[in-house]
Amino acid sequence: MPAASLDLDPLATALGRHRQMLVIRRFLEKVDSLYRQGKVHGPAHLGLGQEAIAVGAASVLRPDDHSIGTYRGHAHALARGADQRAILAELLGRDGGICAGKGGSMHITSVEHGYYGSYAIVGAHLPIAVGMAWASRVRRTGQVTVCFFGDGAVNIGAFHEAVNLAALWSLPVVFVCENNQYMEYSPISAMIPVERPAASRASAYGLDPIVVDGNDVEAVRDVVGAAVEAARRGDGPALIEADTYRLKGHSAADAGSYRPADEVQRWLARDPLTRQLAALVEQGHDESELISMDTAIRISVSGLADRVLAGGPPDPATVWTDVWADGGSQWRN
Amino acid sequence: MAELTFRSAVQATLAQEMARDERVTLLGEDITSGGVFKTTTGLLDRFGPDRVWDTPISEQAIVGAAMGAAMMGLRPVAEIMFADFYAVCWDLVVNEIAKTRYMTGGQVSLPLVLRGASGFGSLGFGSQHGQSVENWAMCVPGLKIVSPSTPAEMAGLLAAAIRCDDPVLVFEHKALYGAKQDVGDGEHLLPLGQARVVREGSDVTLVGLSITVRYCEQAALRLAEEGISAEVLDLRSLVPLDARAVLDSVGRTGRLVIVEENPGQLGWGAAIAAIAAEEAFDDLIAPVTRVSGGNVPWPVARELEAVVDVSPEQVVSAVRALTKRATSGARKGDRHADQR
Amino acid sequence: MAELTFRSAVQATLAQEMARDERVTLLGEDITSGGVFKTTTGLLDRFGPDRVWDTPISEQAIVGAAMGAAMMGLRPVAEIMFADFYAVCWDLVVNEIAKTRYMTGGQVSLPLVLRGASGFGSLGFGSQHGQSVENWAMCVPGLKIVSPSTPAEMAGLLAAAIRCDDPVLVFEHKALYGAKQDVGDGEHLLPLGQARVVREGSDVTLVGLSITVRYCEQAALRLAEEGISAEVLDLRSLVPLDARAVLDSVGRTGRLVIVEENPGQLGWGAAIAAIAAEEAFDDLIAPVTRVSGGNVPWPVARELEAVVDVSPEQVVSAVRALTKRATSGARKGDRHADQR
Amino acid sequence: MPAASLDLDPLATALGRHRQMLVIRRFLEKVDSLYRQGKVHGPAHLGLGQEAIAVGAASVLRPDDHSIGTYRGHAHALARGADQRAILAELLGRDGGICAGKGGSMHITSVEHGYYGSYAIVGAHLPIAVGMAWASRVRRTGQVTVCFFGDGAVNIGAFHEAVNLAALWSLPVVFVCENNQYMEYSPISAMIPVERPAASRASAYGLDPIVVDGNDVEAVRDVVGAAVEAARRGDGPALIEADTYRLKGHSAADAGSYRPADEVQRWLARDPLTRQLAALVEQGHDESELISMDTAIRISVSGLADRVLAGGPPDPATVWTDVWADGGSQWRN
């Protein structure tokens, strides 16, 4: 990354990354509680526990690089710097939603921050990511696209076609599989004929099998960073499998009771925030300061939520905008 | 079955048919644990792993597996979690399943059911999880299309679909899953291709499918208060289509309002309207009217959903417009004059 | 461009637009060698490998790549060899491309074209390579749908599609590829959403699209010999739809016959018929009639194809039936009486 | 295979397999010339040069085993014993066609002989084959399904989903990739990011990479035979790549001029029929007898073609049959 952007980059330091993970964690916890209060219309899939992947990856991207993800995409939008208020407004169906109330929780998008959207058909956005990277290659812009998807997505055709074409055309795209161990209710291990959902497939595309501890933000930063720079150099795509775990159910409506208690415990012990906190303290940061930073974040998020909730609904007339480039939706005269 | 919800009608009917015919075998994502909409609860425990199969997220493989197994004589019932996902396996549905009996000159039979949640209902599922896609399937000959409107209808039509020797797509409107009804005891079985007269009337025919049948009923009640007598038809299936029922009703009422949840750009309602415009021309005393979903991808914010979703209110005002309309000069004005 | 075939109109227009706008980039299967239908001949040599990309057999990746690149500001033109293959990438087309601008609140634009061979035309391609699927796309808001009828139309509409900032599906009827026409010189550019009056007439309106426009013209000639004056409209595009042109014409003729190649079960013709039945009710003096492909998967043997394919003969007899029909008592019988 | 079926099996001996390959070769050559005479309506994709795969594989199947293939499927139908006359009638649009004139060249099917059809959407029949094998497993019938497809099909999503599910469920299906080196006009080597279209992908599904000389009928018999018996035993699926070459273009309309002359020459030298003939002579068969067997086959095929051409067209009314199980096509009343 050019030094210039580094200075401005809030994710440039371990502390900054910890802070960003905290922001995401507290934001998602707030969404979870708002959901329980019936204030979120429609499903909400939270990335609780997977913050290190979003932040570690975002930390190696240039402002003009691209990322794209799934319905579990809030963390990725926030990691790129998307507006918390606009995202909350979208989730709460208030005016000023980041998708104008037309996307909801599953389609959070912030093109302004290089996050090209959250897609809710499993696998569908991998071919789209390929196209984004294809454009960068055609124009030789040096931009890289990072595409996040789940472990369950490796079994769908679009995954195969996308990774295969990216490899064939040697495109600057880094595929990051967030292996949180589950589809909706089924453990991924029961749904693949190989050991690992993504890494075990890499050789089928002439790619190296890459596995990283997805709950270690610094490890993610290093591994994704290397892949991004390789892609930028023109060395083609990478397929990275990041091991992680979702702290809650598949969506806010799911208690996740199908998960063995000891398994949950094991993973709780590997919480990316606890680990980064410990690392920072070891590096000499004052723990109490870190705690009060967390407190400040909690307070700001809930204050933000109150303000957004106080807002009004979107103008019903806007339902007819944004279908066509002319801004409207007229299909006949 | 006694009192059932739409959801439990699915589960109970699957159980009934699995008990009745050991060839009935289920596959789908997360179905052994009951499925996302809890329509397959308990079936693994009762029928064992040879009858209920969890699959990876591989809709092409799911639908293809159903097709191949059906060719071998099993009677697979595959769950497609949300009807929107038919798009990822559309080739298997419309180019393989719909055509293989025909293109082999009748050498194979495909007794299979594809079923799952569908529809909008302003539940906040948005554009990729909220579509009603019965119209997609109706574009392609070779598929039977069922979309029930009540728990009893679900039980009777799903049983019929599973016993049918042809491929049947069963659409379960997700906003209806919670609907309760006393369906009485014993086996439910309804014929495919026979519309249901939900309510008789003489001034206008309201045609609905799935959730819109409710909207038609609610509209009919309000219209009755205004002295307008509306007949309500539940099509039940689009293929086979009981066009006669629609034409006969229009023969009596002279007016037709079709209520469809899908966008009106090209919905199943257009097929009904076109048939009426051609075959009921002399009976119609007013324009054929469609009340359809808005022609945009579905939004999520409640206030936006309300604009594009169809509603009883829209049906009521559509009918008012037709009945207010001067029928003088209309071919059948006289015959119907007394009724206004 | 002077004399062009439908096929060379595609090639020449792609070349013209690629020369005009360096963002126009092609991808598809075997296209560098000209493609299976020779619609991309010579483009690799002229524009180089950065502008013309051969792909594996991966339609989801092809269409997804076009979408992603369009989001980045390229103007990709992806070839889908046969329209039937849209089924293998339908999710990218209808759930992603059609919806992403809307579901992101207008944050992205998708200036892309998906084009390729489509249609039946009794060429022996059978059920999996012979479908007209404009109706599939019309079921889903968010896609523009173009289906040209002549070389000149192809040139003008393809250019318009490539310059359009919205996703456009262009259907090239494979039975028209050999059609020749002098298209004159200079750049061809037509507006999207403006139907073409192919021939004026006063007794009946014939509405066609793509190859069926020819059938309408041929039928009109024969009808003229019988003293029946048929107006022929070429819709050119289904979205945007020039409904006004149809309604205005029916206002003059009082009769409407829609000619569609797709199966009539739910074809684009139903949308036109439904609009007329609702909005031209007072103008219609005869039933709205559709001449549609048979409701079966397409067969291959010539004698079987002939039964399910639409033809000028069918159009002629449909019109005869309408004009013979007693118009007495018809709402507009008087006004039109003199014309019979 | 049980001895009983062996005795009846015309493919049980090397001579019988040679004879069957000859029948297919002469049959396809006849179709090619009929096509040039404009007597075949619609496209015709010929398996000229790929006969050893069809015959070698068919030779290890029980009569109750299943096979399924692509638009290039004539050879597979014939290898299973399908009626030459009915196939020709289908290709020539005459009455008595094996698909009643509703399938044509791309959809030749003979369920009676265990050949469940030819499918013309690349990749689509792989998931169908999985379902056929799934039914055999559910019912424990010991039946095996062999699925033939081309090298170009490995890049499409359906391939990935099908092989993956077959491996996960350990189904009795043997996937045979007929690697004839080309898609339509593009060499497969230019369209994959790995060395081999199928074998290089096997490990992604936990399967062994298996490559066989597809122009050696005995080698195909051995390799496919081992996979079929393993599948029958319950050891799960196999993915086999059979190297071969099409002697003509992609379809009868394609001259195949994009193929380098020396490449064509190299492969002509490996013609499966020439090689089997040589092998038989080496084993002591009389060459002149083998030649006259060939002559007899040519004569019988062209005699058959004349008789079929003399037939009438199918009854137009039959276009309305075979959509539904009731035999009809009524969709509304």
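We just call them A, B, C and D in the order they show up, numbering each chain from 1.
The working rule: a contact is a pair of C-beta atoms (placed from the backbone, for glycine too) under 8 Å apart; a residue touches a chain by one contact, two chains touch by 3 or more.
All of these numbers come straight from a predicted model, not from anything done at the bench.
Among the remaining chains, those touching subunit C and also subunit D are A, B. Look at the CA centroids: the one farthest from the centroid of subunit B belongs to D. Of the two chain pairs examined here, B-D and A-B, it is B-D that is joined by more C-beta pairs in contact. With centres set at the average Cα position, the gap from subunit B to subunit D is 41 Å.
Per-chain Cα centroids separate subunit B from subunit C by 29 Å.
Our note on geometry: subunit A versus subunit B, Cα centroid distance of 37 Å, whole angstroms. Between the Cα centres of subunit A and subunit D there is a gap of 46 Å. The set of subunit D residues that touch two or more partner chains comprises 97, 99, 101-103, 107, 119, 121, 124, 155-158, 161, 164-165, 168, 191-192, 323, 329, 331. Shown for subunit B are the residues that touch two or more other chains, namely 55-56, 58-60, 84-85, 87-88, 91, 95, 102-103, 126-128, 141-142, 239, 265, 295-297, 299. The part of subunit A that touches subunit D in the complex is made up of residues 155-161, 164-165, 167-168, 191-194, 200-201, 203-206.
Partner subunit C is touched in their complex by these residues of subunit B: 84-85, 87-88, 90-91, 93-95, 98-99, 102-103, 126-128, 133, 135-136, 138-142, 239, 262-263, 265-271, 273-274, 276-279, 281, 284, 286-290, 295-297, 299, 329-331.
On subunit D, the positions that touch subunit B within their shared complex are 66, 97-103, 107, 109-112, 116-117, 119, 121, 124-136, 138-139, 145, 157-158, 161-162, 164-165, 168-169, 321-327, 329-333.
Across the interface of their complex, subunit B is touched by residues 41-43, 90, 93-94, 97, 99, 101-107, 119-124, 152-153, 155-158, 183-186, 190-192, 258, 313-314, 316, 318-320, 323, 329, 331 of subunit A.
The touching residues of subunit C, counted against subunit D in their complex, run 29-30, 33, 36, 54-60, 84-85, 87-88, 123-129, 265, 294-297, 299-304, 306-308.
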